[in-house]
Each structure stands twice: as structure tokens, then as C-alpha cells.
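Multiple structures are listed underneath, in C-alpha cells.
Each of the next two complexes has subunit A plus one other chain: subunit B in the first, subunit C in the second.
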Partner chain A sequence: MKPLIQVQNYSFTYMGTSRPAARNVNLEIGEGEIVILAGPSGCGKSTVLKSLNGLIPHLYSGSREGTVIVDGHDVAETQVSEVAKKVGFVFQNPENQIFMFSVERDVAFALENLGFPRDEIRRRVDWALDLMGIQRLARQAPHELSDGQRQRVAIAGVLAMTPKVLILDEPTSLLDPLTARELVLLVKRLHDELGITVLVVEHRLDLLAGIASRIIVMDRGTVAMDGSPREVLARKEALTIGVGVPTVTRLYGLLTDHGLNLGQAPLRMEELAEAVNRLVP
Partner chain B sequence: MIKIESVTFKHQNGTVALQNVSLEIRTGEATAIVGENGAGKTTLVKHLNGLIKPTEGKVTVFDLDTKQTTVAQLARKVGVVFQNPDHQLFSETVSDEIAFGLRNFGFPESVIKKRLEWALEFFGLTEYRDSSPMMLSGGEKKRLCLAIVLAWDPEVIVLDEPTVGQDLVQKEKLREVIKMLLLRGKTVILVSHDMEFVWSLQPRVIVMAKGRVVADGAAAEVFSRPEVVGEANLMKPQLLELSVHLKNPPQKPFADIYEARQWLVSSVSR
Partner chain C sequence: MVGQQCFEVVAGMQWVSSGFIFRHMESPVHSLDPRTRLLFAVELFVLALVADSPLEVSIVSIVVVSLAIVAKIAKRLVRTMSFTAGFAVMILVINMLVGQPLVYSIVLAIRFIAIVGGTSLFFLTTSPDELEYVMKWFRLPQDMVFAFVTAVRFVPVLMLDATQIMDAQKSRGLEMQKGNFIKRIRNFIPVLVPLVVTAVIRSGELAEAMESRAYGAVKKPSSLYALRMRKRDWATGAISVMLLVVSLYYFLVIAPIG
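Up next, the complex of A and B:
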């Protein structure tokens, strides 16, 4: 897989602070991957995200070492508006992202700002609304929508820019469990249909672990673990670092410590129940 | 004690957010309010500190009718930690933010100082004491909001989606805080989508859907009813799910993973 994102020996210290928020970070994300970025608060996840979409160093000042390359471009040397075309960023709280009078105006906002021609904007807005299944909401005001719908509007606004990478910052945290599951399935569908690379920051791994190709865990400013979900979640360090290990994997850990042979780490309770049932005489 | 009697709430545009809700929440009880987005959970808790007054019906908090009491009076008794911290934070520094509420309630400076130090330390915010709240991460802002409210020591603590943006360590800490509050006889009302967190507290669970209460009972009982789980967009907590799929199920669902371990280990070695 060709690497789309390359972070090399990257460190960043915000101006006015003494401790580096990112410390010698090395990571590579290939085109078409779905990667979860996890780790306790303050571990440097947000700093890495801000470095991927150019907010660092273009908006936040500080001292920087190493490089962040997205799709062949050094982010520090590229204008934020150019980076925005490659990296779509969906914030945790859509309230902070959508603010126009109607859904379609909102989805069109970034395109207008970047000076796209009118008919191109129309075409892209329709495409993005359709993709997110929210065509019928086009003329509604964002405040009339449910939280799940607002989340979709925010994603549509980002997709309209046809980015190569979709970054979602805790996308399910404000959603009820079923709506959250629908969102996860939607992200999977976008990935399958558009071949888009997805990077999700999440604490709740129970839903996302099932669709991810990799989990990268950060701790104290640097990458602590990097591997497949089953591999990473089954490791003891995941708990010590404070990653939101799903109940099922934690219980699996307790049982294997007790000497039960349950095979590979499960991601769903059904799998664990099956493994245990096989051992019941 | 909190009494909600036949409360209906209509927005100005006519939408009904709560429809004929009646509930009693006893002092010292742990209650979780769950249900899909837009079910009326936040509207309901805003009634408890008088931010919203019922269109019809009556809400009484420790014998105070919320229609006849100011928000300031009620807030002293009912501390609400809102879902979006950006709606709650406005001071220039983290310390000012915590001290603001305490000053407003007229605590003496010596008490303010002590409580401020406690809150900063307990919620891991000491290093940010002179920073702007806007510089904090999402998770840290949530912790700050919790620190602000607990600093003035209200009788009832309402937590609206407290686990959002919190890592495992912070969630464990939050669970400890809630347990400590309950031990001290406080009433804790939790609004949450995080079924795993709710389950770990084994609270009374009130399920809301479309402005109504559709179920009310012990966690194990409520989450075992498929029609309720379906109607309210919930998901079964994982340990309850496990109990269902076991060839050798326990008599009552596991409350935590240690209980589950004990049962599973003994059931395979029999």
C-alpha cells in the first residue's frame, strides 16, 4: 500500500509550554486504510490531527521538528486551503462546525470559500447530500435536525471537498447507541465506495474495532502501539495506557490469565460466549 | 427528593418535548436516564434546576416548586453538568471558572481557596490553573465543568453525557466520584448513551422515547426487555449480551467482569 500519510520523527511544542505535545512521532497510513487513533486525553492525538490538516503550524505557533507529509505534500509548506482539499476534518461536536441557515448552504460553505465555480458547487453538494442520504434535508435549518442528522451534514460538508483522507474526531460520542452504530456502518460504506482513507479518533472502541484495519495508540506524546485491533486490544499495555478497551476484550484478558484457552481475542461478546461454550463440558 | 408530576413541556414553536411525565427520584438514589437523541432527556433534566419551567404540571425539588424558585436558589441544591462544556465556560482562567460559582453562592474566601485546590487536584487540572479554559482539550473541559459543580457541593448532581471524550482512566475516576457521592448520600442523575458505563453503576434506569417515559426499573430488568431496547435506540450492555449467549447462563446477569470471570471459570472447570 502506498503511504498517504507519513509522519516522520515529528515533535511539536506549543508556544508558551515546555513539554512537547508530540514527541518523536512516527507513523504511516496507507491509502484506503481505516485507522483508529486512540490514547488517553493529553496523549498528543489532537496535536497529530492538527498537524495533519495544517492547523499546526499555520494557526498554532510553537517549535517543530520532523515532517508531516500528506499525499506527497509537506503540510508545513502547503497552504491550509490546499491541505483542506486533501484532508477532510469532522469535529466532535457538529454544533461547532455547521452554522449556516440551511443544510445545503452549509455543505456548500467551504467550496464557496475556496472559489469553486457555481455549477461545480451545485454538483458536489448534491453528490455529497445524496451519498449521506440527506437529500431531503437540503432546505432545512441545521437546528431543526437531530444530532445524528447534524453529524451527517458535517460529514457531507467535508466530503464535498472530495478529500483523500477523512478524519473524524470522536464521531459517535454524542450519538445514541443505534445512531452511533449506523454512523460506523456509514463510514465503512464511504470507505468501500469511495476508497477514502479514514482516520478516527475514538475512546469507545467497541463499535469501531470491527471495521478498522489498524489501531494506533498514543501515550505521552508518542506512538506506543500500532497493530490490528485484535492484536492491540489483547495487549496488557492497552489497559495500562488507558485505551477504551471493550468489555469483551477485558474479560477475555481476565479469562486467559486464568489459564482458559479461548483462541484469538474476540471483538464481540457472541464470539467470547462461543469460545467459552466450547470449553463447557 | 425530586417530584415530577404530569409534566408536559412545549417549545415556543409548538413542538412537544415532554409529554405527561411523572417521576419521583428519591434522595441518595443513582438514576440513569437513557434513550435516543431527541427523546427529551436533556429537557427533562433542565427542569430540575429550573432552567426550564413546565408548560403543564409541576416539578418540586426538596419541597421547592421550581416555578416559584429562582435558578440561583435551585442551582445551589441541584448542580447540572451540561453535555457541551463550551456552553458552560466563560472565565479567563481555569481557577476563575471554578471560583466563580463559589463566589456567587457567597462562600467565604478561605473556603473558596480550599475547595478550589481540592477540585484542581482531584480532576487533574492543577497544571492548567492559570490557562484559559478554551485551551483545554474536550475531555479536560468536561472535567473542568464537573469540578466547577462539585466544588459547591450540591445535594443533587446531574451529569449530562459525562463520559464523552473521557479515556478509560478518567471514566474509572468518574465512576469512583459517582460512588463516593452516593456514599455521602448525594442523589446522582446520569444522562448517558454509554450503556457500558451505565451498566457498571447498576442504577435505576429510566428509558425515554419521544418525550415519554417508556420504562423505569432496575438496569438488568429494563435492558432485558427487547421492545424497550428497540424503541429507544439502545443497545444491550455487553455483559447482559454475554449472559444471553452462554450455554450455562448465570441466574442474574453479571454486574462486572470480575463476577463474569468467577462464573465462567467455575462453569468450564466443572
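Up next, the complex of A and C:
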């Protein structure tokens, strides 16, 4: 099967800078994966994300090498609005991506821009609001919402375009722990129900590692590690590069160093508890 | 003490500004099509310009006030007007100083109040949403309409930014309410600079988000809602035009000032 996203020998240097923000990146992401993109600030995550939905090179100029192909289209050769229909991009701060005075009109924003007929817009808006569980907020103004609700509105706004890929840029950074947990469960549900491919950039992986099928770690503009969360997060390099390895996985590392044989690396507290339980007679 | 003063100034500003901000309400005026309300505002504007005796401008003002009462916004209109009254007095005084007759100066002052009142009537009863639709109906370019929408949409956001920056600067020792008038204005620079910087950064993020939501994909974007004139919108509009014609006839033909 052909992968949905193909990044080949991709490098990008922003105009006015000398150091490339992305260096010789190679990625293949298949349909239906949940992928975490991790790495320290300035490692090139944002550059890769923006290259996936066409903001680079259409909005940001600079020198570029290699190709980015999404769903069979070369992103650099396709209009951003065309790519937007395939790649839904939810930015870090939901405040700056809600434009309209009411929730439902904001969810309709992209559909209006694409010139959909009115009944189709209505149908899709209701569908997206329902999916995100915010139907009752339809008439609210954006400044009346909580951060978590605003995040959902932002996601509904891109889901209305029925994209194949959902990109979330640090979706939990502004949320309290409970709301963050709800959001992670929601992402999992969207993936299961829609079969949508999810690409999440995140620093704190305690919550997300459990639902991801794969984690890609970037460092200094290039891909440093790529594999299943269990495998990648248990490696020592994950910590030295500066990935927010889940506490439970770190504890597992320490215990293993002390000579305990706990089997495969855990991602959730329950898994470690079970492994320890098995050791104790 | 300074904190108290500061609080009073902010509270005062909010009291005045709340007179200009639309709030969702139910009234016979609010439920009309915004275009009918815009017609009212234009008619009142024309009447106020044509009226040229104290009696006539007073009649126009009374019409404005009664419409405000029907629209249940009389209190807020008074707030707006309290702000306008100062300008009206200024108009009165300046006209008298340059040697205009007293009656004429009074007409000018009241006319100013009537014009501002009639215009506020429209803006106080029209949601930003409706304004946007009216702008679209006038076929204004999409970029212009969108600039208006974002400007209004981000007022509360920028207000919050400003408060946070003010708090941050105050906690670093900036005393905003100290010194003479010039000094106080200069005190605002440490607030203004970061506010402009954050606004510029924000606009960059907005541009990214707009692109990602297919802004400008087609020449003529569609819309979730459309304005619809109902029977009563037509009827109210027609009646108001008839009243306008009658009033104009009275103002210009029956009671023209000599």
C-alpha cells in the first residue's frame, strides 16, 4: 500500500537564516496511524508540519530540497487550500484560529471559503459539532468558551473539511490535566471512528504514548529515532535528546538498571504495576 | 490609593464603552432585518440634516429616543449620549464664540446629538454577525469584510492582552497613574510596545490559520446564513419611508424657517 504521507530527502532553510530548520528528513506515514512527533524546541518539528500542509513553501519562503507528497500530490505544486482539504491543521493556540463571532459560523469558515452550498455546510457543521460533543455551544461567542472548548471548536473547524490527516500542534499545552486527558481520549475516538490519520506534536507524552502507534523523534532538524512508543521511549537517547518520556517509562528504566527483569517497557502505570507484581512472589 | 484610582478609571471607561457594545436582546427592533434598521438610521440621518429649527431637531431626537425605548436600549443609549453631550456643548460654545446666533447654535448641537443617537441605535441593535452580512450584501470585497470581522472579534482578546501586560509592567514597578498629563501618557509606552509586538505575532499565526482553512480558495465564498427580508421587514421599511416623506414635506414645505 502506498503511504499517505511521503517526505523524501527533505531540507528547508528559512529565508534570512543560515542553518537549515529541516535537514534531509525522510518519513513515511501510512493511513490510519497515530504518530507522535517529538523532540526539543527548535528541532524542526514545526517546519516539518508546516511543510505537510503547504504553509511551507507557499506562505514561508526559503530554500528547499527534496519532496513532500501527501495523498499522491506534491505539496509544493498544490494550492494551500487544496492541501487544506486533505490535511487538517490545528494550531497550538486555538484562540488564534477561531475567526468568527459564533462557534457554528467558525466551524463553517473553511466550508464557506471553499464555496460549498448552504445545505452541505449546514450538514457538515452539525456533523462536526456532534462529533466533538459541542452542539450546545453552537451559538456561543469564542470569548465565552473555556480553553478546552475552544480547542474542540478548532478541531471541529478542520474536521468539517473531512481531511485524511489531522495534525495537532501541542494540543494539550494550554489545558489542565483533566481536560488534556479528555482531549487525548477524544483524539483516539476520532481515529477509531473516522479512520483518520493523526499526527501530534507533543512534549509531555504521559497521556499520548498510550494511544500512539508510532513515535518519531527529531533532533537538530533531522529524524533521530522512529519506532513504536515502547521501543523508542525505553531507549536512553530519548532522555538525552530531551523527549518528555512518561514517568512510568523512566521508572522502568531505573528499575531495569538495578537489575530487575520487567519484560517490555510500560507506557501506563497499570502495566508497570502488573510487571512488578509478577516479580514479587 | 493609586490602585483605587486606577480601578475607578477602568470602571469609568468600561461604563462608557459598554454603551457602544452590542448585546444580544429580544425586542421588536432587534428582530427586524438589519437592512431595515440601517434604513432607519439613514432616514434619521437625513431628517436630522434637513431639520433646521429647534422644534424640528427636537422632534427627530424624540423619535430616536422612542425607538431606543422600543428596542429596550434606552439606558445604554443614554450612556453613549453622556459621552456625546460633551461634544454637543463644545459645538454650541464654539458656534456662539464665532458669532453664530444662539438658535442656530442650539440647532447644531441638538442635530449632532440626533445624528449620533440615530447611528448608535443601529450599532447597538446590530450584532457584528449581522453587520458582516450587511457588508457582504453591499458586495464589499471579502478581504475588507474579513478585516472588519477579525478586528471586532479580537477586541476582547487584545483587551485581555493589554490587562496582562499592564499587570506585568506594574509588578515590575511601572506606576501608570503618576505624574502630570504628559507623564501619564508616556507611562503607556511600556504597555503599548509589547501590546503591538504580541498583536503582530498573533497576526502571523492568524495568517497561518487562515491559509489552513482555505481562505481565498474561491472568488465568491458561500455562507452558512443569508439575510432574508420577511413581510414585516418590508412593511416596516415601507412605513418608515412614508413617514420620512411626510416629515420631509413638513420640514421643507410647510414649516421652512425664514
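Here is the rule we use: the second predicted complex is superposed on the first by the 277 of 281 C-alpha atoms of A that agree within 3 Å, B and C clash if a C-alpha of one lies under 4 Å from a C-alpha of the other, contacts with A are read in each partner's own complex, and residues count from 1 in each chain.
As a convention for this text, a contact is a pair of C-beta atoms (placed from the backbone, for glycine too) under 8 Å apart; a residue touches a chain by one contact, two chains touch by 3 or more.
Nothing here was measured: the structure is a model prediction, and the numbers come from that model.
Q: Figure out whether A:254 sits in contact with subunit B (first) or subunit C (second), or with both, or with neither.
A: first
Q: Could you look at A:244 and tell me whether it touches subunit B, subunit C, both or neither (first, second, both, neither)?
A: first
Q: Does the superposition put A:40 against subunit B (first), subunit C (second), both, or neither?
A: Touch partner of A:40: subunit B, not subunit C.
Q: Let me test your reading of the model: by the given contact rule, A:185 touches which partner, first (subunit B), second (subunit C), both or neither?
A: A:185 sits against neither subunit B nor subunit C.
Q: Once the shared chain is lined up, is A:93 touching subunit B (first), subunit C (second), both, or neither of them?
A: both
Q: Quick check for you: in the superposed arrangement, does A:80 touch first (subunit B), second (subunit C), both or neither?
A: second
Q: In the overlaid three-chain picture, which partner chain does A:142 touch, first (subunit B) or second (subunit C), both, or neither?
A: After superposition on chain A, A:142 lies in contact with subunit C alone.
Q: One more residue to check, A:204. First (subunit B), second (subunit C), both or neither?
A: It touches subunit B, and subunit C stays clear.
Q: Return the residues of subunit A at which the contacts from subunit B and from subunit C coincide.
A: In subunit A, positions 93, 95-96 sit in both the subunit B and subunit C interfaces.
Q: So in the complex, the part of subunit A that touches subunit B is made up of which residues?
A: Interface residues on the subunit A side: 39-42, 46, 92-93, 95-96, 146-148, 170, 173-181, 203-204, 206, 239, 242-248, 250-251, 254-255, 258, 260, 269-270, 272-274, 276-277, 279-281.
Q: Touching residues of subunit A toward subunit C in the complex: what are they?
A: Residue positions touching the partner: 50, 53-55, 58-59, 79-82, 84-85, 88-89, 91, 93, 95-102, 104-105, 108-118, 121-122, 125, 142-143, 157-158, 161.
Q: Touching subunit A in the complex: which residues of subunit B?
A: 35-38, 83-84, 86, 137-140, 161, 164-171, 193-196, 232-235, 237-239, 241-242, 245-248, 257-258, 260-261, 264-265, 267-268, 270
Q: Show me the residue ranges of subunit C that touch subunit A in the complex, using the header's touch definition.
A: 127-129, 132, 146, 149-150, 152-153, 156-157, 202, 205-218, 220-226
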